[in-house]
Each structure stands twice: as C-alpha cells, then as structure tokens.
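Structures given as structure tokens follow.
In the two complexes that follow, subunit A is the common piece, with subunit B as its partner first and subunit C second.
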Partner chain A sequence: MKKKQKKFIKKKSFFFKDYPDPEINFDNIQHKSVKVSLNRTTFLFFIFFSLIFIFSIKIIYLSFFTEKNVFSKKSNYDFVKKRADIIDRNGIILARSIDVYSAGVRSKLVQDKKKLLINLKLIFPELDANKIREKLNSNNFFYIKKRLTEDEKTKLWLIGNKAIVFEKKQFRIYPQQNLLSHILGQIDDNNNGISGLEKFFDSDLKNKKMIESPLQLSLDSNLQFLIREELINAKKDFNQIGSAAFLMDINSGQVLSSISLPDYDLNKRILIDKDIYTNKITKGVYELGSVFKTFTLAAGLENKKIKSSTIFKNLESKIYCAGRKISEHDDLPKDLSAEQILIRSSNIGAVRIAQKVGIQKYKDFLNSLELFQKINFDLEEIGTPLPFRWGKCKLATASFGHGITTTPLQLAKAYAILSNGGYRIEPTILKGNSLELKKQIISSETSRTINSALRKVVANKEGTANFANIKGYEVGGKTGTALKSVNGIYTDKKLNTFISVFPTSKPKYILLVMLDEPKPAPQYVYEFPNGYKHKGEMRNTSGWNAVVVAGKIIEKIGPILAINSLQASK
Partner chain B sequence: MSIDPGRWIKTLPNNKKEFNSENFNLDNSKWIDTLPKKNKNISLKSYFITAIFFIIGLAAVSVIKDQTRNLQKEINNLEASINAINQDLYRATLDHDVITSPKNLLILAEKHLETDLISYKKSQIQNLNGKNEVFYLNKTSKEKNGKNIKEISKEVKYKIKQNVEAKIKEKKVELKKLKEMYSKPEELPVALKAKVEKKIKQTEEGLQQLYSDPEGVIRSGRVQKWAAIQVVKAFFGMPIIPGK
Partner chain C sequence: MFNFSRENTGTIAKWWRNVDRQILFSFILLFLLGLFFSFSSTSSIVSEKLNKETYFFFIKHFVFVLASLFLLIFISIQRKDKIIKLLIPLFVVSILFLFLVPLIGVEVKGSKRWIDLIVLPRFQPIEFVKPLFIIFVAKVIILDEKMNIYNRYLISFFSLFLIVALLINQPDLGQSFLLIASWIAMVFASGFNMIILIILGVVSLSIFFILIYFFPLKFGYIFFRIQTFFNPKAGDNFQSQKALDAIKQGGLTGQGMGEGILKDRVPEAHTDYIVAVISEEFGALFVLFIVIVFLFISYRVLNKVFTEEDEFLKLTLIGLISLLIIQTFIHIGVNTRLLPTTGMTLPFLSYGGSSLTGSAIVAGVILNFTRKDSSRYLTNE
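== the complex of A and B ==
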C-alpha cells in the first residue's frame, strides 16, 4: 500500500497546469519569458554546436587524409622500382632500374615545323633531318629519341614547344656492359626477364616486398674482368673463334666467375640469335676429351681395382675396337703406372683402367658425379648432355673422353667433388646459397690421390700442363683436346680444355679454360718454367694453348684470391 | 484551488478510501519558491561556459591544425628533399659503378698513368736514395709536374754537379789543412812522422816503377779504375784532380 501511495504522490505533479492560480499565473508569465529566451539560446547553441560538429568532422576527415597532394613535393621525385638491383659479391652494381625519358612529337600540334626541325637538329646532330621532316609532315606522333640524357631532356624542354612530349619509362642499366652478359640476361620492354638471371629470378626481382634488397651474386666482377681480358688477349695468339672460363669455390660451389666469349653489351638492344653467342659454360654440350681420364683413374681407385702405383705393362701404341682405331697422341713408354697414365694422358692406358673397372661400375661412378643429367643451376640456359649408350667400345672411348658429352659446368662440378675430399656440391651463382649438409660420395683417400696426380700433370716434366705451373699456387689440372663433330662427323677443328685445381695441398678453387677452335701459334714465344724459350710451335693441343691461358689467368687472379682467402680466414 | 473528486476519484486504482480534498489543496507559499528562478541562471551560465569552452576549443583546434599543417608541410618538404637526395644517391652510385668499372679504370689508367717505366739497376736506386732524393724519368710521359724530360734531366745534372762541387770543396779544405800540417814537420808526432816517411817511400818506389816500367803501371787495375773515374768525371763536366 505504501508503495502505491508513493506512486500516487509522484503523479501529483501532472495536475499542476490544470488548476490555474492568479499568483502562479503571474509567475508563469515570467517563466514563459525565461523559457523563450532559453529556447533562443538553446537554438543558437544548437546552431553553433552543429557548426562546431561539422567543423570537427571536417578536421577529423582531413586528419585521416593527409594533405599529400596539396603540400607535398613528393610526386616530383617519386620513383618506384619495378625490379630489384643485382649486385656482385663485393656490392658492385650489375643491374639497376632507372627512370629514363623518351621524347616524342605530336606533329599535329607543331605550328612552326621548320623552326622545330632546326632546334632538333641542333640538339641531336646525328638525327636524319629528312626523316624527321617526313614524320612531321605525316601529322602522326613519333619518337625523337628514347633514353634521353638529363642534358638532352633539359635542352628539349627549353625549346618550350607543346608538341614535344616526354614519356617516362623504367629502363634497366647494366654498368658492366659486356662483362656478365651471359649470366645476367635481359628484360623486355615490359620489365619481364627474358633470359639469364633476369628470367630465372624474375618473380623474386619483381617481388614488391623484396624490391629494396638487391639480389647478391657470388660472382666477383674484378675477377671476371681479369679473366675476360686474358681470354680476349688469347685470341691474338691462338685465334680461337670462341672461348670460355669458369672459376668456382671448390668447397661451397659458389661461382666466382663465368665467361663465355663472344659476349655482347647488355645496354644495347640487339638481336642475338647466332650459336656462337651461346653460354658455353652452362648451355654448351661438348665432348671434352682427356679431362675424362681423371674420372677413369678415380673410378679405378674408388672401386679399389687399382692403386696409383699399379703398373700397366705392354701398353700397345694402338688398339682397335669395332674396327675403329684408338691410338696415343704421342710416343709413350710401354709400361706406365696408373698415375703416369693420367700424367702422360695415355689413351690406351685409360682404356685398360676402364676395362678393369667394368662397364657397370664405371657408369655408376660417372652417374654419381651427375655428369649426364641436367644440372640444377640458377640460370635458364642449361644444356642437357646427350644420352650415352653404353657398350664395350663405348666404355673404351668414354674412358678417354671420346664420344661422351657433358657441359663444362658439370665437368667443373665433378672435378670439384673429386678434389674437395669427395663431398657433393651444387654450383650456385648466389652468395651464401651453398649446401649446408654435405654428402660424401667419394672417399677422401681417392680425392687425395687424384689431387696428387693432377699436381704432377702440371709440375712433372712429362706432364702435359707445364705452362700452368705458376710458382706459389700449387696448380694441378688435366688437359683435354677434343675434335669437334659437325652433324655427327668429326672434323679437324678442336676444342681444347684445361681444368685446374689450386692449391692442390688444400684445394680451394677450380678454374676451367676452354678454347673453341684455337689455331697453332708459331709466332708465340712459349716460356717454360725453367726459363727456356721456344718459338715456332705448330702443335695445337690443349697443353700448347688452353694451359698457357690458364697459367696467365692464375698468375693474375691468384693474388686477389689469396687476399680474399686471408680476409675470409680472419 | 480544489479538485473535483467525482471526476478524478474513479481514476485512482482500487482506492477505497474516501477522498480528502485537503490532501490535494496546494500551498502556494510552499510551491511558489519551487519555480525555476535559480535554475534559469544556472542553465544560462552553463550554456555560456560551454559556449566559451567550444569557442576556445575551436580556436585551439584551428591553431593546432594550423601548426600541424605547417609541420606537415615541413615534414613533406623534408621527405621530398630526402626523396630527392635518395634519388641523387641512387643515380650517383650507379654513375660511380659505371665510372669505376674495371673496363673504364683500365682506359683511364692507360690514359693518365705512367705504366712504361725505365728499369734501373739496384745500385743506381741505392745511390739516389743515399741523398734522400729519388729521381725517375719516363720515356713516354712528356710532362711530369709540368716539366718535360729535358728540363728534368737538366735539373738532375745540375743537382749532381752541385753535389760534386760541394765534395771537391770539402776535399780542398782537407788538403789545405794537411799542407799546413806537413809544412811544419817538427811539430808532427813521431808515429805520424814514421807513417809519412813510409808513404813518401812508397810514392818514391811507385814513381821509380813508373819510370822504369810505365806500361805495367798503366795496365794495373788501380790505374784503369782511376781512368774510368776520370772519364765519368769528364762526362759530368767535373774538374779532374790528378791522383784522386
């Protein structure tokens, strides 16, 4: 009940207005006037508040959308890379995208064609005035010049002609020009990689998240330059039609240099469709000759069929297999040890070792070195070795590298495995991309024996690579002289190879030098390690040209590699 | 003021009590003060304060906005400058790598550096170093520090002459002293006298030998060496001092 009474009392106030009172009425009048003024204030306040509210919203709105376009000068300098840089192991730029202007003319807008023509001729004297006149008269848009320099752009801009239009486009600049043409490759007009690294790492180079971090290669542009110079100089002496060189860290598989000549300037957009421009190191598939004898010896040692001191007696000067003659390149002693077979590069001796090993084991050994399958490498241009049909005669010819093909890259990889203690490596062109877990596929003992034999090929008098015996670098290696075949028929044209490992006491680097169709160099003065000089040589084997070039290269790059090794060890 | 109970009484829910009109009589004195006189003043004041607050707020906002706008402008300008500098750096590093590419360096080296140097014997280098002066000549370079080869060779000759002249003067002074000393033999100590006597005897013997066998003397190595020195001296235009 109390609750109900309370409710009732509360409701009382509803009834005030219905019972007017003169006194109250008077006050009500006053109250009304106050009410009116209060309403006015409220209204004004409402208007005022609304304005403030609108203003606040505007301020908040503006705060969210910063005044970039109103005050910023950013737009003038905005440059968004479309591709990441490529740098070498020392941080030297190998490829970089920059904005470049092209200038065009809207002929329809040209008022004084004669004046414009004179101005253009003054800025670009090399331009054909007649052609420009024709284009101006055609009333169509045409380009005056693409890739303008800053100076040229300013001069054109200063003409002040509305008909001249500047078009900004991103171009790829290769500061080293020819130096790494076969490695870097090229891009098309839409900034898509079309060859080499540019194609292989196209998605990585265009990835916006990674665009600011450059792609760092394991290549050293200084070494690359020195080796390239030596190959170019070798052309003067040996007149080869092409050449190649490959330098790799034997333990990590990081490629320090890879050159294939002839090369081309990446900054000039020219059509390169001739075979001679093939990347000989990765794409070229060749018979490489006697360099395979090292594998034959290693197969014998690994399968414990021979020792390096095993003597092979009464070696014939020639043998026949399926009617085909196999002979020696020189007069060699009839009794040779397994090691001497390699040192003197005996074909018949290599055949005898391979026969001792047997087809299956020899084949398995070569397969373990991955010589015949397509290699995984960081480039688009990779060659696939030709399929090889094994047989008795094929075993004999394969033992000295005849009729068996592979790429120089795979050859270098196999030699690296043989020399680094037998550990599998994967050649890579990226810095810090080496295999972490190393699998041993050849015994350390075989590796040591092979290194010792390779050293003797260079250091011993009867060895075939004396010209590469550079003091202080303990160079070891093996020569290979192969005849080139055209459409399956052997010609007298040669492909001379020398693959070297140094220093043999603790191998660190592998250098492959290949000369395509070198010529005898009777004019060249050969200087033997003992100081004896010889001129008028007409022999055209690897020992008389590829080895000489390799020796010169090691002499030049050796100090740099030694310094780098010292720095690395620190 | 009274309330019509007949009109309102039935509206009250379950009101069984009799209606007491007194309960509903209003006490004017009690209620008149409840009219919102005071409230009116308070409300106006609060409106006024609120309005002032908003005006101040508005002014503050506009001032702050203006300041931030200026700051934003400055930031944007700085960002634009940084961008421009970055762009310059971006291009400059590219230029640097183009200029310092091994190929360009080789071209520049061939153009500006002196690579074709003359080989010197070790002894020659030592002699020059002895005087703390290293001279080098280059066959191919026409200019070295703004002087051509002829000028440099003249300078070298002149310096050598000066050195030799200084040495001769030193020797002359020494000779003078010796002459003075030997002019008064009584003042010389006995050992020195014996030494001088011995030397005089040797010289006399030598002279006798020269007169008796002049060819043999000329053939001797010492004389040949002396002659060679004199030839060199003559070549450099130095005065020949007999016996020295």
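== the complex of A and C ==
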C-alpha cells in the first residue's frame, strides 16, 4: 500500500495521504522504501554546526591579534639569518642578509608562449622579447631576472603561470653602497667572506649563537659620507687619480672613518682586481715623505738631544749621501730652530736632528711607534712595510721620510701616540673594543711640544699647512709630499699627505688626508686665512692640495665631532 | 502592483503565499552582500591588471546577481513534478559538459575547470553538476522503489565516483571533497546501515592512498598540499599566510571599506579568499554575521525537514543544505588555514558567474522544496 502511494506522480488517481507506516513492508526487505532518519539528521547537523562554530571562533581568535601593519612588517617566520648584520656606531645598517628571489622559466611547461611573453614584457619592459623567445624555444630552463624586488616578485606571481619558478637565496645587501666598500668587503655565493671585515670576522658573523646580535663598528657613516664627498669634490680641483682619508679617535684608537677612492658598489658584486682599488689606508705601503719629520723631531726631544728652541746654524741648501743629492724644496733661512725645521719642513734640518740622535736611538724610537712591522688591525687587507737596512744614508733619508715605507694607518697610529700624551693605542674598527690608556711610551712633555709645533705648522704664516687653519678647531698637522717611485725609480708624480690633529690644546681626533698624483690647480682660487686670494698656483705639493681638502673636511665634520664629544663628556 | 490576497490564484501570488520568505530574503541578502563586496574587492585589480574600466568586474557581477535572482525565483516557482521530470536530462547534460572539460576545457592557472563554448560565456560545469547531483541522488535513493535498495545506493555511488574521477583529473580537490562529504551526509541521513558505511569508508580511503602511492605524478600534489598544511615551513604558503595576515589586520571591526591590501596581493582573492577580504575590510564580526545568515538558512530548512513528510523532499533538502554548509565550511577553513589550500568559492558571495548561478540553483530548489505547498505536486494533483 505504501509502495503504491509512493509510485507516484504519473498516476492521476486521487487519494488521501495516510500516515506513513514503516512497519508495513515486511515481505520484501530488499525493496523497502528509504526513510530519512531524523535522529541521524540531527546528529549530522550538530556536527556541521559545531565545525562552523569552531571556524568562526578561529576567525574571532585571529582577529584579536590585531597587529598594525602586518604587511609592512616582514613576516620572517621562515627566515633564518645565515650571517649577522653589520651596523655602524649609530646603529645604521651597513650590511644585512636578506632572502631574494630569482625568477626562472621552465620552457616545457609554457603553454602559451605569446601570452607569457606579453606578460613578461609588461612587467619588465627592458627585457628583450626576441632573446626570451629564443630561450623559450631552445633552453629547458633560463632565468628571467635574478634578485627580484618584492614588487616584481608579486607581479610575476600574479601571472599565475606554473612555468615561472622562483628560487630563494639568501643575499647580502649593503644599503650604503659605495660608502664603506673597502671596509666591509664582500662575500661569495656560499656565504663565505672573501675580503674586508666580512672575511676577517667571517666565523663571528656566521656564528649561530651570535647571529641575532649585529657586529657594531666604530665607524660613523655620517662622517664617512661627508668626508667621502669632500674627496670626490677634490678630484674636480686637483684631478688626483686616487685619494684616501682616515679619521680616528686619538685616545681610544676607534676609527671613525676610513675612505679609499676610487671605490665600488658592493651590491654589484663585480670582480675587484685592479691596483687602483687597493685599500690605500691599510693595504697601501707608501713612502710618505715629510710627515716623518715629526718623528725625527720627537726622537730628538725624547732622547733629550735637542729642545724645540735648539738652533741649527748654517744649514746647507744641499748635501750628498752615497752620491745622492738631498736638497730643500724651497729657499729656507740658513739658521733654523728645531721647531722651525718642522714648521718650514726643512729636509737638511731633519737630517741634522737625526744625525744628532744617532742611528740606534733613532731606530729604536721609530720601532717603538711600530711603524715598520705589520699592524694588527680588524681587516683582511693589511700591508706590510718594506724591509730595509739601517745605515748612515738611510738615517738621513728616513729623517724626512724618504726611502722608508709604512701604511697610512700606521702613520696615523704613530701620530696619535705622539699627540695623545704618549700613550700606546691600537686602532680598532669595532665599537667598544678600545684599549684603556695604559702604557705610556713617550713622555707627556715631548707630546706637548710636538702638539704645539704641529699647531704652528698650520697657524704660523711660514708654516706649510695654512689652508687647514680652520677657526675654532685648533688644527695642527704636518704635510708630506713624496715622489712616487715606479720600479725603484723616482718619478715626478707625487703622493701628498696631510696628517692633522685637533684640537691641539687637548687633542681628540686625528685626520689623515692623502691624494694620489694631484695635479697643479691654476684654476683654483686659494683663500688664505687672512683673506688674501690667490689664483694660478703651479705648485702641487701637499700644502696646495691635501691641506686644502683636509681644511674643508674639518670645517664640515668639526661641528658633528664637537657635539659628539660634548655628549660623550656629559 | 501585485495582489497577493488569497483570492488570487495566479502563479506568482501563490508562490508568494507559499514560499518561505525568511529563507528567500536571507538568500537575497547574501547575494546583495556579495555584490557589495565585489565592489570593493575587484575594482582595484581590474584597473591594474586588466587595464579595463574600474567597474568591469562589478558590472559583470551585478548582471550575474540579477540573472541569478531571476533564476532563483524561476526555479522556486516551478512545479516539483516538472523539476523531477527535467532532472535526469539536465543531470546527464551537465555531466556531459564535465566530460568535455578535459577535452576542450580551458586551463586557467594550472587547472582545467572551465569550458568555453562559443554560445555561452566561459563556465565551470561542476557548479551546475553539484545541485543536480544532490537531487539525483535523493531521487534514486527514495523514488526508484522498484529497484533493490542496495542497487540504488550503488547507482548513486557510481555517479559520485564518475564525477569525482573527472574532478580529480582537473584537478579540483575541494569540489571532490565537497561532493563526497555531501553524498556521505545524504547516505547517512537516509538511514543506511552504519556498519556497511564504515567498511565502505575504510575501503575507499585505502584505495585513495594506493592511488597516491602508485600514481605520484597524477595524485602527488594532494599529498604535497597536505604536507604543506601540516608543516608550514615545507612548502609554499603564500596565499594562506597572506589571508591569515589579512584577518589579523582586519581585527574585529575591520580596516574600512576598500582599505584592505589582500585583494591586491593574492590572486583570486575576490573568489577563493572572499572571507579573508571581508574580514580585513569589515572585520571578523561581519564574517560572523554572514556565518549566522548561513546557519539561519539551514535552521529554517531543517525545521522544514522535521515537519515535512515526503522523504524525497527531506533528503533533497538535507543534501542541498549540507552542500551549502560544507562549502562554507571549506571556504572559511581554507581562509583561516584550518584546511589545506584549495580554491573554493563561498556560495552567494564570491565573484564568478558559474558559482553564482550554481548557488542560485541550490537556493531555488531549496525555496521550491520548502514551500508550504511543497508536497502537493508530488503526491497528487
């Protein structure tokens, strides 16, 4: 009966619907009609509702974690740094490892080449469509672009073509680009440092325990930038082939800035193999010239052979040693005091002082300043001064800095020791790594005398470094003009150095400026401290270029240093 | 304009008197909400990606919503005997379309799910197969009484198997899961022997794993998806991570309309991640509201199921509402990363012509079967 009721629709007969009776169909259980079980339905929907309920709870739960700007914050849940950051003394990032993606194409998976080409061309208008078409036909796999920006990656992703594959790789970026190229160095593709700090501190930077704490340098990238700008500007005036500058705290030995030009962009990862890219401060070994006269004077003072007022009479205008001529660069008076020998940079005078000190004592003095051995410094690229034998003539030429080599870094270190009261320091590039002033190797008396002599080099009218006499900073310093030797033969090309200490009454900073092969600058208008202007100068000794540049640098960085040291003393 | 008084025996008036208006308005509300969201979620991609006018997608969506509403009312107005008569031919045609997909289908972003016939706009046959399949299963199980009861279940199972095989081939995991789950729900509710059901479940699961094991090329991606789901670091979680971020970003009350970023970051955000987009712009509470609307609809329909006496109507309604609930469940699950990533639209709300039309068919049939005069045309006339 029930069966008949259900066998349905088409039958046009009329009947009243009865209460359904499930018990009716006993005879053939196989043909029973199906009844929807309300219990089961309730159970089913109870489960459905609970599931939806759980999911809604999840949404509410998630939304309670309202983080502002989740998107701008890098979600680095799967980012494991392979190399620690490097930051400068103010916390500015100098080097950081990030994930970068390269996009490649699996040609076989491409279905619509034309469409893919159009899409790629839309994202990268600079791509050569013909080349890509060629590659699509010939190569199984090729890269579209390496090192995608986040934006480019998203755009490529949004094409949604599975032929485009992304490769993730950790990459080192240097946000300051050229600014510290010689200091930071580079790493290879396998995360190994190959030059600079990256190599010297390779194991520290890779140390998993310390990977989250960045390596903090003593360098100040603001100062670095300003000084580098001045060096670059100087090229317009003096057309030097290279230049370098070095700024160091005289008491702690912390290096604030170290520049060597030309430099290169670390991010471009080009092969650096030309000599011109040498780090001139640490790796370059040079004859530095007259800057050595300060050591000669100090050796005389320290050994009590002379006083700064000791007068040297009847100085020749030229002398010969082993057949080589030693002469003055300028017409100088016949009688000069020891101090004036330094101020006016008299070669013959320096020779006389050195002779008075004697070979052994002179040698010991220079060695105590550690000028001729390889220096311990936090970089991979360190130059070793050329070995030589002391003799009478060596003593003579060494007294004014010829025939004797060292690195600018060691020169700066020696000057720092002379000026800071005679305490031994060790230059360092790491913040918080400075030696305590402990060992005094030169008397404070000598130090004071040297400082006042250096001040006079800049301040006195007959001094060689008048252009660096920046008002308010009490700059003292010494010029050095050396002739470059190529294969042992001296040329007329010059290497000019100016090393300055300021403020001389209580020295805090040492600044070294070095210009490689500066040219005479007749077009340049020199402005003397007394307001006199001079143009058409044909000389290219240190006083006419390196000093000018140093003066400009001090003028720029002086206020920053003054503020910094004020803050430090508070 | 209309006269809905009892004296009026016109079709529309009768329909208006008998239709469950609460369910009807819930559906309309959902459609309109979808339209509103597509306004904010699609306008920016269009101008950037397709270089078309800003409201291109919105206008398309608008047209589809209008069409869907007409379809919904059209279906709900029909007499049930007509629907049952038309069911088999329609079902066969839709399965034929599904068959056509691997042959002449269009591949979009790695999946071949669409077909592009010249006379029709590009569409996804599965969206039409789904509601027809549910009704078909209910019809076979309940109405074909001459047949042996196990054969009836077997027929419904074979049709499921056929469709799922075609789906896995596309590949479309989400829809396969949806259909299987809805079928199980129906079979369960129809009072099928639990022991046999469990045995069958174990057997088919083992077949599934054997397939994955022996055909890693064809089925390996399933395993990969599940692997990425359980180990977020292993694979590519771009979309789900972004969707999670979006929900977090939105908070309880949202960032404000048009302020979301997800829609620009994730492809197909306006279809597969619409809940995340809504959550980002309008807040989690709004999503909750939408969920409640869905639950309300199912509550009303269940009410009908409990008072209805016709088994065919009951089972069909259970099937259709399972379909809606499970689809919503999958969509939200994928959006909140409680389920592995799969492209699943949210019925009524997601953008897309096929999805909207499919939802309209489901809604139309539900409305039709929940009418007060629902059993009239089934039993007599």
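Everything below uses one rule, namely that the second predicted complex is superposed on the first by the 491 of 570 C-alpha atoms of A that agree within 3 Å, B and C clash if a C-alpha of one lies under 4 Å from a C-alpha of the other, contacts with A are read in each partner's own complex, and residues count from 1 in each chain.
Keep in mind that, in the parts below, a contact is a pair of C-beta atoms (placed from the backbone, for glycine too) under 8 Å apart; a residue touches a chain by one contact, two chains touch by 3 or more.
This is a predicted model, so every value here is computed, not measured.
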| said: Tell me the contact category for A:Lys121 with respect to subunit B and subunit C: first, second, both or neither. | reply: neither
| When the two structures are overlaid on chain A, which partner does A:Lys162 contact: first (subunit B), second (subunit C), both, or neither? | second
| said: According to the stated criteria, A:Asn222 is in contact with first (subunit B), second (subunit C), both, or neither; which is it? | reply: first
| task | Applying the touch criterion given at the start, work out whether A:Lys484 contacts subunit B, subunit C, both or neither, answering first, second, both or neither. | result | neither
| If you stack the two complexes on chain A, which partner ends up touching A:Arg40: first (subunit B), second (subunit C), both, or neither? | second
| query | Of the two partner chains, subunit B (first) and subunit C (second), which one does A:Thr154 touch, if any: first, second, both, or neither? | reply | second
| said: For A:Lys113 in the superposed arrangement: first (subunit B), second (subunit C), both or neither? | reply: neither
| task | Report for A:Arg96: first if it touches subunit B alone, second if subunit C alone, otherwise both or neither. | result | first
| query | Just subunit B (first), just subunit C (second), both, or neither: which does A:Ile60 touch? | reply | second
| said: If I apply the document's touch criterion, which positions on subunit A are contacted by subunit B in one structure and by subunit C in the other? | reply: 8, 12, 15, 31, 34, 38, 41, 45, 48-49, 52, 55-56, 59, 62, 66-67, 71, 77-78
| Hey, which residues of subunit B end up touching subunit A in the complex? | 1, 3, 12-13, 24, 26, 28, 31-32, 35-36, 40, 43-44, 47, 50-51, 54, 57-58, 61, 65, 69, 72-73, 76-77, 79-80, 83-84, 87, 90-91, 93-94, 97-98, 101-103, 106
| task | Name, in rising order, each residue of subunit C that touches subunit A in their complex. | result | 49, 81, 84, 107, 109-110, 141-143, 145-150, 152, 185, 188-191, 232-233, 238, 241, 244-245, 247-252, 261, 265, 267, 275, 279, 283-285, 287-288, 291, 294-295, 298, 302, 305-306, 309, 311, 314-315, 318, 321-322, 325-326, 328-329, 332-333, 336, 338, 375, 377-381
| field | Of all residues in subunit A, those that touch subunit C in their complex | value | 3, 5-9, 12-15, 17, 20, 30-38, 40-41, 44-45, 48-49, 51-52, 54-56, 58-60, 62-67, 70-71, 75, 77-78, 111, 154, 157-158, 160-162
| In their shared complex, at which residues does subunit A touch subunit B? | 4, 8, 12, 15, 19, 21, 23-24, 27, 31, 34, 38, 41-42, 45, 48-49, 52, 55-56, 59, 62, 66-68, 71-74, 76-79, 92-93, 96, 98, 173, 175-177, 179, 221-222, 225-226, 229
